[in-house]
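Going by the order they are written in, the chains are A, B and C; count residues from 1 in each one.
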Amino acid sequence: MTLSTQQRDQDSQYVLIAKLDNVRNVSTILKAIHSKDREIATVFASENGLKVTVETAKCIQANAFLQSEVFQEYRLKENNISFQINLTILMECLNIFGSNTAGGAAPALKMCYGGYGTPLMLLLEELGVVTDCSIKTLEPDETLDFNFCSANVVNKIIMKSECLTDAFQELDMTSEVLEILMSPDKPYLRLSTFGHCGTTFSDFPKESDMVESFQCTTTQTNRYKLSLIKPSVKALSVSSKVSMRTDHRGFLSLQYMIRNEDGQVCFVEYYCAPDEEAEDEDYD
Amino acid sequence: MKYVILLDCKKFRWPAVSLLVIIEVFGKTVHALSRFGDDIYLEPLEKGLALKTVNSSRSAFAYVLFSPAFFIKYQSRSPGDGLASGDDEEESFRCRITAKSCLRIFKSPTNLEKNVDRCLISLDAQECRLIFQLNCRHGITKTFSLTYQETETLQAVFAKELSPNHIIADSRALGIVSTSFKPQQEEVTMTVNPTELSFRNYVEDEAEPGRVTHSELKLPPQEFSEYRIGVDTEVTFCLKEFKAILSLSDTVRLPLNIRFETTGKPIVFSFESEGSLEGTFVLATLADIGASQSSQQTQPSTSHRNISGRSHTTKPSASSATTGRKRSSKNADREGQGERSRPIKEDVEFPDETGWHPHGPQEKGNNDQPPRTSAGSPVFPVNSFTDKLRLPPQDMSAPQDISTPQGNGVKEAVSEVNSTFLANFMGDADQEAEEHRLRTSPIRDKGSGAESDDDDFDFVPNTPPSKKFKSMFFGSTQSQAAGSSRDVEENAAELSKSRVLAVDSDDDDD
Amino acid sequence: MKFRAKTEEISNIEQLIRVCGSIGKMTQLCVLRISEQNMFFILNDKVVHGGVWCQMNPDNFFEEYRMEGLSEESNEIYLEVSPDEIVQALKTGTYAAKTLKVKLTKKSSPCLTFEIELPSQSGRIQTFIHDVPVNVLPKRLWSDYKEPLVPQFDISVAMPPLKSLKSVTERLKNLGSYMELSANHNGDMRMRVETEQATVSVNFKDLEIVHVDNGSSQSQPQNRMMGRFYGAKVDIKNLLMFLSGQLVNPSRIICNIMENRAIHCFLIQEDVSIQYCMPVINN
């Protein structure tokens, strides 16, 4: 009795408490936005759930959405809590019992945050072994607003992730950019790279059984920095479907649908600004 | 011109029983070749598509020919060219692409079968691109448009038909060789006599030779469907390339022919499936040529490679080197096969019963030659491309010697593979100088046209081959009259024994 | 000096590979001590790698085992060997070897010769011979490789299953370089990593407390506070080297801790035991 009251007392000091029976439901989603060259993530907590954002070079942004339903318990004392955290460390802690997927008992997670300036506390338990983690948090920076609204979308393709994964894995990394062509006419969707040894492109016909929806109105060719967009292959490999959209400015939105082990659907989204010389200067 | 080659991922009934998948074979060939060299040479010929490569030190050459029957469609020239005369075939297009770029296409050969239905290889000469188009599952098309460099043909000179030693191994009989040596092992020594074949890891003198494990695999001749040993010998060659050969012959399930002569002369591996595929691989073997000049130059540290060396390496001295030579020659007299002695280390004493084993470190049973005292390092040196192209002038000035049956009747012996090379080689003597000049420029980009006089000056035909690799890719089959243009006498001895294993030769194109 | 051993069991060869592989994880070079009753792999290095003492009963590995030491009084052989080289030599034997013979031979230098007979593709015998060079240690150096004295530890605890221990340690290595390993008499064991960015502590509970009777008359003090943790700081890499050895199913791993002075792990499998004394970081 005393223990539980004690715990309740402890809990009362936190502004955010989230509990989860299967830590992999969180770690899989976060893995989809994690890459070694962008370690710092911004976490936003609202009553809808958690949104975790990472940005690279002011031109690409990855967001993972963990809606409150993903958690068995999700309590928020204040609205709109945000902090920054080192995602690499968070991932290591979440996977402390090994990242082996599927099968076997998954560790349970309790995550607590006490507010501005306090560390993020994690409590993981697997088969009676308990791990306490305390991870330093930082003051949140403002994140970019790509101002990408569906009203301005000119081309949109929904396809199974599987086929795009192959193409992404095989991208010629000696190329500076990835060129994406979307068009109502042939070749419909073409990914091209321009590497040291030549040009490579993959064509995806709209009739392919991999393509679920094809709504392209304008032929558009845009280039994106390959090294920045390449890490999104992690999201591809865990997702089942991807929606690829471009707006009138050539901004790219990649939305990945990820089904977790409990059958819930989560989303990860990448926004990417096109690589244009003129704009480059603006950004720098 | 436009060449069109279609590879279909149909199951292909191989004459040698097993079912193979074409694209997988093609992909694995690319993989094997990429383990040899950095570049792959492509030659669409009338008799098929030839893939070739040579390693950076020019000590290993690979050639695989896919005959037209291998493809569902094979057209080695564009229909419009159809009227060109047969002679022009020799002038056909040749190009070189980096192995890396080619590997990207055939990344995982075993998956290719699952994912790829068809592969189209074509040439866009206007854009200077070689195009591989893969039709994959789900209607996806992958197109690899590779930049290439136009190039001379790549040929190796060797005499496989007359080799006194001929072994035919089932594709798997030698599999254990691939897996049993350490991954970092660079060379193996193969020793043959009529009763036994053995492989040893080749160990060079190092700071601590006593820390190196010596391994030996002994195989009974009955393992091989053909085992003809005319000359007891041992040959040392690169393990990495050998493994690539073994793995490819295993993929295509074809027996591997091994032909060789003796220490220092190239060893030739080949397989052939009538009418669809043939492969020929030539590896230089470490030479034990006792070139006195080179021993003078490299005397200090490595001259006593033939001593097992544990106790003597720290202070190389002329006397230890001499001892080594004596020992080695003595052993050579005994045919060197099983009776080598090794210097005994003083600080530990063993009674004789501890199980002496005669097989020891690598003393070459080197016929009649003083032990090799040259650059010593068995690591095939890496040379700049141009260096390798400096042909010995004798070759140029006395081409007729090639057919002189000194040792081998090279002319007859040269396999089909060499024919182009020989044709060049034995061609119009007036052209030799010009040809040589051209050879010195290995890469002939389209349109890079005439070479400057400076180039010419840099590569005087008389330039002697760089010594450090003479033992690597110059075999020693021929004795040729010293060229009249010899200017460096000290090279005469080695050159008289040297022959190029792999050269870029140029077609007599205008 | 003579030494000769032979086995026809492929499982013995595999087990030998696992033992030597485990030792090889921890050191490039160690001493193989051969006596009539036992074989030992010994590493005596307190500072960098720590001390390793691996004892195996040859009867469990060889059907034939004969040795003759330096002399009748000193009937032992001490060889400096590279465990990785031995593993490499033995690996040939995993292709369905018929026999493995190990013997001490004298080539240009003293060698352990591994002679392995394998069936070939056509069912004939092919022979693989590996001469692994060794250094024979003179008797005056033998005393450097005595069995380590087991001091009085503050606590001895049976560690959790190797597999979970290993995966946790691997993760912790990514979080920091050093770990404090501690345990108390309630059967709790803690692995704790503290860095500027994070503090992570993995808590195992309900572990068995082992009462080591190392002959000292001092009885286990009963008055020890049950909850007090005794620990020492170690380099995670060292612990991982020990854990990632190839002995996959040890029946027990005992961890002995002497507060801030020593961590001593004892891995026991049917036919072999490995003791590892980890260097402790003091600061």
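Quick note on the criterion: a residue touches a chain if its C-beta (ideal position, glycine included) is under 8 Å from a C-beta of that chain, and two chains touch if they have at least 3 such contacts.
Molecules present, by chain and UniProt name: A = Cell cycle checkpoint protein RAD1; B = Cell cycle checkpoint control protein RAD9A; C = Checkpoint protein.
Just so it is clear, the structure is predicted and the values come from calculations on it, not from any experiment.
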{"item": "Steps needed, at minimum, to go from chain B to chain C via contacts", "value": "1"}
{"item": "Distance-maximising chain from chain A - centres being C-alpha averages", "value": "B"}
{"item": "Chain nearest the global centroid, as defined over all protein CA atoms shown", "value": "B"}
{"item": "Between chain C and chain A, distance of the C-alpha-averaged centres to the nearest whole Å", "value": "44"}
{"item": "Centroid distance [mean C-alpha coordinates] between chain B and chain A, Å", "value": "50"}
{"item": "For chain B, residues contacting two or more additional chains", "value": "none"}
{"item": "In the complex with chain C, residue positions of chain A that touch it", "value": "86, 89, 92-93, 95-98, 119, 127-136"}
{"item": "In the complex with chain B, residue positions of chain A that touch it", "value": "163, 166-167, 170, 172, 187, 195-205, 207-210"}
{"item": "Parts of chain B lying in touch with chain A, wherever the complex brings them together", "value": "97-98, 100-101, 104, 107, 115, 129-130, 137-147"}
{"item": "Sites on chain C touched by chain A in the complex", "value": "160, 164, 167-168, 171-172, 174-175, 196-206"}
{"item": "Contacting residues of chain C [partner chain B, same complex]", "value": "1-2, 4, 82, 85, 88-89, 91-92, 95, 103-111, 113, 118, 120-122, 124-133, 135-136, 138"}
